[in-house]
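One chain, chain A, appears in both complexes that follow, with chain B as partner in the first and chain C in the second.
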Partner chain A sequence: MDGQGQGQGQGQGQDRLANRHQARTPLHAKALIEELDHKQLVVLRDGRKIVGLFRSCDQFANLVFQNPYERIIVGKQYCDLPLGSIYLVRGENVVMMGRVDEGREIPSTLQLVSPAEIRKAQQAEKEEQLIRGTMLKRLDFLDLE
Partner chain B sequence: MLFYSFFKTLTGKEVTVELKNDLAITGILHSVDQYLNIKLNEIKVVDEAKHPHLLAVKNCFIRGSVVRYIQLPQDAVDTDLLHDATRREARNAA
Partner chain C sequence: MLPLSLLRAAQGHPMLIELKNGETYNGHLVNCDTWMNVHLREVICTSKDGDRFWRIPECYIRGNTVKYMRVQEEVMDKAVEDQKKFRKHGQGRGGRGRGGRGRGSPSYRGRGGSGDRGGYRGNSNR
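On to the complex of A and B.
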């Protein structure tokens, strides 16, 4: 920070900050800058999907979102769980980020359910996968091709 | 910076990026940066049924650190040129 913009009104200060951001952002961050102020879906390393208005980023792909929500889809059901107003995702957890096509955001075949229901469905799916996993392990000795 | 330059020559080509979380995405290579972060356009997830979230997404940014493989079109790669460039890079580094 070079101390420019001190004593400015906050709005102007922020403009200046934004301009400086653009002027000094090296080319390698351009890919992300282009996506600013669009609604994005982020896939995290733990498999969670977060949708929100993309507000800021840096060269590590640390990302800031406004009014984000976690989107959970289990089978034919889905639910959007709000995550608060501002959310910063640390870059190392980011797998990918894609611009969400407004209007065709949710496939019409999916049915909106309550957070409680989606949690239940999620739990059931997890248990099913666990059972399938242990079954396969037990059958391992059969040396199935 | 060899592979950065290499991938830059592949922009506009269709590639398939396989990620460490076993997600595979096919798309037109839009851009690449020094970390080999990748931007794809007109993406298609290989196993679409397993990833309903991504049906609404048409372009994406992929962090370089999560990429496992990138499948390239054979005719877009000049292996002799790449070979030469590799030697040149090695010589310059020494």
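On to the complex of A and C.
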């Protein structure tokens, strides 16, 4: 995922946490610490996708991001909603995190829309799923595959 | 700077907390602890769908129900400053602390070693 070929992020980790830990960090913790001060994508347990500058972490994988935004994708539309300046995620809610290749462009099949539009699309999708759910429930007695 | 020291630095500042169930709490942080339990004042609670609101003068949130927290930029600066102050203030202590931790891990290993030896000796006796 290392787009610009920035090596291991040494010399980049201006954060003292990174420098201090480089000498004596157990291997299991290194994975997170090496990602400090890089742009990351985090997927939460509720399905949200958060992108932001990864600033800090601890042994519970509590994560701190600076200037993050939530990327909402519905069908072929997407929107980036800013989430304020500092964002602290409780580790329990994290599903995965990965470095974002900033040189990479957004696929042309995706179309940027306004927050209002994406909310509408999200709502529509939710309602559709709800209807599909109730339909299946109603047809439960038919013993469909 | 650790996430929980950031939370500590946010004391007295406004913040937004979303719980795992989707409700959000907007208020001023009064106090917090290392379990992320927080005490808020002047809270506005918003339901999951964002269609209902409640004004609550004071509330306490158990840390394990939190999904995420949002704080202001200033809090980061304050946390960095607090950390610096702490380092300068307790430099001797910090040094000793580090030394203690350094000594701590080998001694832990030593204990583990002796435990193994004990077990081995026990086996040979049997």
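In this text, the second predicted complex is superposed on the first by the 117 of 145 C-alpha atoms of A that agree within 3 Å, B and C clash if a C-alpha of one lies under 4 Å from a C-alpha of the other, contacts with A are read in each partner's own complex, and residues count from 1 in each chain.
Keep this in mind: contacts are C-beta pairs under 8 Å (C-beta built on N, C-alpha and C of every residue); 3 or more make two chains touch, one makes a residue touch a chain.
Remember, it's a predicted structure, so these values are computed and weren't measured experimentally.
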| item | value |
| --- | --- |
| Superposed partners chain B and chain C on chain A - clash or fit | fit |
| Broader residue contact with chain A after superposition on the shared chain, chain B or chain C | B |
| Partner chain(s) touched by A:Leu110 [first = chain B, second = chain C, both, neither] | first |
| Touched partner set for A:Val43, first chain B, second chain C, both or neither | first |
| Contacts of A:Arg119 with chain B and chain C, given as first, second, both or neither | neither |
| Which superposed partner A:Glu92 touches (first chain B, second chain C, both, neither) | both |
| Overlay on shared chain A, then closest C-alpha pair between chain B and chain C (Å) | 10 |
| Residues on chain A lying within both footprints (that of chain B and that of chain C) | 92 |
| Footprint of chain A on chain C - complex, ascending | 1-4, 6-7, 16, 20, 22, 36, 63-64, 66-73, 75-76 |
| Chain B residues within the chain A interface of the complex | 19, 21, 23, 25, 30-31, 33-35, 37, 39, 43, 52-63, 65-66 |
| Complex contacts: residues of chain A adjacent to chain B | 27-32, 35, 41, 43, 45, 47, 49, 61, 71, 73, 78, 91-92, 94-101, 104-107, 110 |
| Chain A to chain C touching residues, read off their complex | 15, 17, 44, 46, 55-58, 62-64, 66, 83-90, 92-93 |
